[in-house]
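So the structure is just underneath, and the comments pick up after that.
Per-chain residue numbering starts at 1, and chain names A, B, C and D are given in the order in which the chains are listed.
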C-alpha cells in the first residue's frame, strides 16, 4: 500500500475470516476501503484446512492472521450450559449455530482489544440471525467497538448482487476461486452441528437431497447393531462416557463430545428439517445435523427428571425456554442470559448419575438410569409395598382438589338454569 | 343375594370394569358390601374380548353391563386437542393414559345419571394418577356423585395385600382366574398408547425386556424401507393421510388414527422409557408406546411452525405447557383446562397445510411442508433476492437492541473499577 | 423554494398534527420537502382548541384538515380491553399513552387510505416509544405505507437541535409561536391520562414541582369526605356507575369514564412517579396521572377475583402481563396481541357484578362486592358452619402435598450425611 | 387426671399456643387425650401479654412453656425475601400471615426436636391456609413428626361445633374465659400485618365496620402533613430509613421495620379489603392492614426498576409471581421455594440506592430516587441532548419489528380475498 493512501487509513479491522470466497472478497474490499485487516479464523471444530486459510489470508493482504482453536471453550462454556438447560428453540432446534457465534465473537473482541483495533467485520448476511449474534456479543463486551457488516452496506451489496459478481471480483483481485462446484445450498459447520439452508432448500416443500448430509450416516445404511453407552453426569454436565460394547471411555469435555459425535454420526442420529422463526421476523427453513447434541439432550432430560424435584423442574423448564430464545436471538452476553445461566446452573446441583442408552438407526433409546441423588423412591412408588404412604390420604387430596371444580359446576348449573328460564 | 340383606342396600354403583382379575374381585366385593353393581366397560381401542367380559360381569352378579365404544370421541374430543397443543408432559410423555381417563369417566358419569346411581367405583390404585383423573372428572361433571375407590379403603386393601389374596378370593367366589401367567409388570392400553410399569420395571435401572412391547415392532427388525406419508391438517387437526407408496388414504378421524398406529407400529415408532413425576408427589418409571401420537406430534409441530406467527406460537407454547400439566394431573374437566382448550383452539385457525414425512426404523423424518396459509415468504428469506427487505434496517435493529447491553456494560465497568480501588 | 422544484411533488402525507410548535414546524417543513400535507388532529379527550388548530393548519398550508373525535372508540376498543386485562406495565404504569397511540394511528391510516396518501408523518422523537407505537400500527394495518419521521431524519434533527432553532424557523415561516412560557417538561394528554417527562424531570431524583399536576387535585387539599361509588361490571367491563352520595349514575362507556375521571380527579387519585424501561432499551422517568383508570383498575381486580376461578385467573394473569408489555411496546395491532385480547376477553365472561368503593385523598378503597356469578360460597368458607366440606379431607390433602417435601428432605439428609463422612 | 389413664401416654406434643380460648381448650383436651403438652408461644410482633400467657399455660397443665421472640428472624429471613420479590398474592395481598407461619412452625419443629417430642399441634381450622402452612413446614423440616390438628379431628370438632361448647368446656376445666365480648370477626396479628375475617365479614358485601382497624389510623383523621422518608436499599433490602422532617433514622432490620409500621400506621397506609383464593379451593374474604410492608413494597418496586435491567426484571417478575403463590400455599420450605429465593436473591445484587417518598392519608408517594448502580442514563434519555444515540437506528429497529406484522397482514389479505371469492 502506498504511503499516500496510508494517510486515509480507517484504522484496523478484525475480520471473522472463513477462508471461503465471501470473506476473501470482503478482506480485499476492506483493504480497498482503507482498513488494515487482521484476519481471524476460529477453529470451532469445523472441517477446514486452517494453514491453507492462513496463507490465503496473508496472500490477500491481511496484516496479521489469528487462527484460534476455541473448541474446548465452545464445549465447556457454551454447549454444556445448553445441555443443562435442555435448550431447544421452538421445540426442535438444538441451537448449534446460535451457541457458536458468541464464542467466536468473544475471541474476536479479545483480539481487537489486544490489537487496538477499532473495528470488527463479519461476512454474515443482512437477513439472518448470525449478524445479530455477532454484533450483540461485540457490543455487550466492548460497547465502543465499531462493526463493519459489508452485506448490509449498499456500496457492498449492490456491487455484489450475486455470486457471479463476487467471482469476477475475485478473479480481478487474485483471490483463489473454489474449484469444486458450489453446493446448491449454503452450509455452516462447527463441532456441535452443521446447518444447510438457502438455495434449493428455500422451497420448504423440497425434500433434502440424499447426498446433503455430512455429519451423520443415512439411517438406512447405518449399522444393524446399536452402540450401548453409559453417560455419567455431574451437575447436569456429562463427565464420562462408556461404550458398553467395547469398553471405550472418554472423560474430558472435548474428547467426550467428539466421541459422542462419532457414535451418533455413525448411527445417523441428529437430523432435523424445520421451519423456524428468525429474530429479524421472517420464517426460514433449515436442515440440521446435531449428533452428539441429540444424544446429550435425551440423556440429560432423563437424568434430570430422575434427580430434580418436580416443581423445581417446572420452574427451570420455564427459565430454559427463555434461555433458548435468548441464545437464538444472540443475547448470550446479556444481563438476562447471565442471570438465567446462573439460575439454571443452580438447579443442576443435584443432577448427578448415569444414564444407559442405546444409539441405533437415527434414534436414541433410554434404557435405564441410576443416581446417588435420585428422588425416585422404589418403595414409595411400588404397587406391591405400601411404603411410607397412606392410600386414604389420596381421598382427601382428591376431595380438596375437587372443591373448586364442584363450586364451578354449581355456578355453571345456576347460570344455565337462569339462562333457560 | 338374600332378601334379608337387600334391605341394607347401599344403592347402585357404576363400576369401571376391565374384565381382569382386579375389577372382577371388586365387582364381587362391592356386591358383598351391599351395592347393586352396574359394570361399565369402555371400548377405547384396547385389545379385549368385550363379549366375554360382558358375560363374565353378568355371571359375577352385575345388575347390568354397559359396553361402550367411545373410541371415536376419544380421538376427536381428547386426542385432537392434545395434538393441537403439542401436548407433552415433562418434555416426553404424550399423555396417552391421561387423555383416556376423562373420556372414560365422562361416559361413566352419564351412565350413573341415566341409571340413577349414586356411586361410581374404579380399580385404580391409591398411589397413582388415574384415581385422580377418574374422580376429578366425576366430581367436576356431577358434584354429588360418591366415589368408591376400594384400593384406598383399608377394609379392602388390607384384605388384599397381594395378588395371592386376590386369587384366593377369586377362587372362593367363582371368579375366573387368568390362565396365562401374569407379566411381571402391569399394562394399560388404549387406542393411543400402552403403558408398562410396576413389577420388575420399578427398578429404574432395569432395562425393558425385549418381549415387552406390543404396539410397535422392534426397530431392529422393522422394514428396511420407509413409508412416506402426507398428512393434511385443518385447524391444527389431521384431516387426511396419504401413503405416497401405495396411495392409501384415510380421512375420518378414527380411521386415520388407526392407520397411523399401523404404520408407526410397523416401523417401531413411539417407544419411550421415562421417569416422571406423579401428581401425588412421587416419581415413577414408565415405558410407553404411542405410535400414531408420535407421528402426529412431529407433523403438527411442523405445520404449526410453518403457519403460525412467531409470537403467537410462543404464547401458545406456554399455554400448552400448562395444558399438558393439567391433563396429566386429571384436570381435563376444569374451568382452567376448558379455558386453555378454547385459547389453544383459537390459535389453530391458521394451522392448515400438508406435511410430508417418512416413517422408518423408530423415527419420523419431516421431509417438507406446504400450506395456503403459510407465513413463510420464500422471496423475503432468500439469500439471492433482496425481496421487500432493506438490509440497512438490520443495522438499526441491532444497534437499538444493543443499547441496553451497552448500558449494562458501562455500569459493570464502573462498578468493577470502584471495587478495584 | 422555487416553483420549478415544486413540480417534483413527493406525494401526499397525512401528518399527525397537534397544533403545537413542533408539528406546525413539521407541517411547513414537509411542504418545503415537496409533500402535499393533510393535517390530522385526533380528539382523544385532551384539552385543546380544535377549531383554532384547524385554522392554524390551514393557514400553514395544509391541503386539508381532519379533526376526528375518537374518544368513544378509545374508551370502548382500547381502554376497556386494558381494564379487562388489569393491564399494568412493569407493575405500575396503566398504559395511558400506549393505549392511545394505536387508536390515533389507526384512524390516521384510514384517512391516508381514503385520501390515497402514500405517506404518514408524526412528530414523535427518535428516542421514545411513541414512534414505535405509531409506526407499527401503520405497518400492521397498511404495510405499503411510508412513514416520514422528521425527528429521525438527520436533515431535520440536525437543523433543529433545540427549541430555539424551531422558534426561529417558526418566526421565519409565519408559524404562530406560543405566547405562554413553556413548562420545563413536556406533556402528553388524552382522556385516560397525562404524562409529564423530560426537562427538569429527567433528573430522577428531582421531585415533581407542586404545580405540575393538571388532571388531579392535590390530595392535601382534596375534599375531606369521600365519594362512595358502585360500579357495575358485565364481561369485565364497567356498564354503570352510581354515586351513593347524590345518586348520580352514568351508563354509556364514554360518559361513565369521564365521570370517573371527575370523581378521581377531585380526590387526587391516580398519580404516580416512576422510572420505566422503554422499548428502545433505555430507562426513562415519567410522572403520570390516570384518574378513572386507577379506580377501574382496583374495581376490576376486585370483581374479577370474586367471580373468576383461581386457576383461570392465574393463567389470565400471565396473559395480561404479556398483553401489557405488547401494548407498551406498540404491538396492539399484531397477531399475538389480537390473540391475547381474544383469550382475555373469553376469560371475562363470568366477570359480572357490582363493586362498592370509596374514593378519598388519593386512594381507592374497596368496601364490598356482590355478583350473581360469584364463585364465593359463604357457607363453604364459614368458620361456623361446616357446609359441604369435610375437614378430614384436608389432612389427606396436606399429607399428599408433603410427600414430595419429605422425599426431598430424605435425600438432603442422605447427601449431607455422606458429605460429612 | 387419674394415674391409671396416664399409663397410656401418647407422648409429647408441642402445641402452638396463643393464649386465647381455642388453644387453651386444645391444651387441656390434648392432655385429656393422653399427651404431655409443651406450650409454645411465638412472639412474632403481635400485641400480647406473654407472661400472662405463660402462667395460663402452666396453670392449664403444660409440662413446659416456650415463649420465643422470633421477630428479628421474621423480618430478616422471611419479610426481607418477600420485599426483594415484591411478593404479592393475586395482585393484592402482601402475604403477612403466610410469611409468619413458616417462621413460627420452624421454631416449633426445633423445640420438638430439642424436647424429643413426636407430635406437633396447632389450632388452625380445617378450612384455612394456615393448617397447610404449619404442617408443610413441619413435614419439610422433620418428615417423621406427627401433626395433631384438633379442628380436623371429628372427635374434637364434633364436640365443639360452636363457641358456646368451647366456653362450656373452658368453664368446666377452669380455663379462664375472655371477659371482653368477642369481636364479630376473627383476627390474626403479627409484626407485619393483621387480618380480619370470618363472622360478619363473611358476607363479602358487608363493609368493614369503622372501629375494626387496629394497626392504622383512619385516613380521614390522619395527620394533614406528610412524613417524608428516605429509604436506602442494599441488595434489595432496606438498610436505613431517614425521616426528612425530624432527622430520625433507623438502621437495624427490626427497628427499621417497626419504625415504618409506626409512620405508615399514623398515616393510615396499608389497608385492603379483598376476596382471595385459598389453597384448599375456596374463595374467602379478608381485610388486612400491612403498614410497613406497603411502604416497602412501593419503595422496593421503585429502586428495583431504577437499577435492574429490563429483561432481568421481566424474568424475575415471573419468578416472584410463582414465589408469592408458593408462600401463600405454605411451601416456604420446599425445594422450589428455596430455588426461587436463591434466584431472586441473585437478581437483587444491583438493587442499591435511595428512594425518596412521602406517606400521607393512606398513600405512599414516590418522590424521587438515586443510586450508584442505576442503569438510568440521563444523557441517553434526554430530549435535548443526543447522547450516544443515533435516531436513525430507530428506523431500522421499527422496520425490522414490523416485518412480521407486514407478513401477517399480507397473509390475512390473501385469506380474506379468497374467502370473499
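Criterion: contacts are C-beta pairs under 8 Å (C-beta built on N, C-alpha and C of every residue); 3 or more make two chains touch, one makes a residue touch a chain.
Composition by chain, UniProt nomenclature: A, B, C, D = Argininosuccinate synthase.
Because the structure is predicted, anything quoted here is derived from the model rather than measured.
Participant: Pick from C-D, B-D or B-C: which pair repeats the contacts of A-C, with over half of them the same residue pairs?
Facilitator: Comparing each option in C-D, B-D or B-C with A-C, the repeat is B-D.
Participant: Given the two chain pairs A-B and A-D, which is bridged by the higher number of C-beta pairs in contact?
Facilitator: Between the two chain pairs, A-B has more contacting C-beta pairs.
Participant: Counting in whole Å, what is the centre-to-centre distance of chain A (Argininosuccinate synthase) and chain B (Argininosuccinate synthase), each centre being its mean C-alpha position?
Facilitator: For chain A (Argininosuccinate synthase) versus chain B (Argininosuccinate synthase), the centre distance works out to 31 Å.
Participant: Per the centroid of Cα atoms for each chain, what is the distance between chain B (Argininosuccinate synthase) and chain D (Argininosuccinate synthase), given in Å?
Facilitator: 39
Participant: Rounded to the nearest whole Å, what is the centre-to-centre distance of chain A (Argininosuccinate synthase) and chain D (Argininosuccinate synthase), using the mean of the C-alpha atoms as each centre?
Facilitator: Computed value for the inter-centroid distance: 43 Å.
Participant: Hunt down the residues of chain D (Argininosuccinate synthase) that sit against at least two other chains at once, touch-wise.
Facilitator: Touching at least two other chains: 280-282, 309-311, 314, 318, 331, 334-335, 374-375, 377, 380, 389, 392, 394-395, 397, 399-404, 406-408, 410.
Participant: Name, in rising order, each residue of chain D (Argininosuccinate synthase) that touches chain B (Argininosuccinate synthase) in their complex.
Facilitator: 309-311, 350, 372-375, 377, 380, 388-390, 392-397, 399-401, 403-404, 406-408, 410-411, 415, 418
Participant: Going by the contact rule set out above, which residues of chain B (Argininosuccinate synthase) touch chain C (Argininosuccinate synthase) in the complex?
Facilitator: Listed in rising order, the residues are 280-282, 309, 311-312, 314-316, 318-319, 322, 331, 334-336, 339-340, 342-343, 346-347, 400-404, 407.
Participant: Which of the residues in chain A (Argininosuccinate synthase) come into contact with chain B (Argininosuccinate synthase) in the complex?
Facilitator: 86, 90-92, 125-127, 131-132, 135-136, 139-143, 147, 149, 151-154, 157, 162, 186, 198-199, 202-208, 219-220, 224, 226, 271-278, 280-285, 301-302, 305-306, 310, 313-314, 317-318, 321, 325, 330-331, 333-335, 356, 360-363, 365-370, 374-378, 380-384, 386, 389, 391-392, 394-395, 397-399, 401-402, 404-406, 408-410
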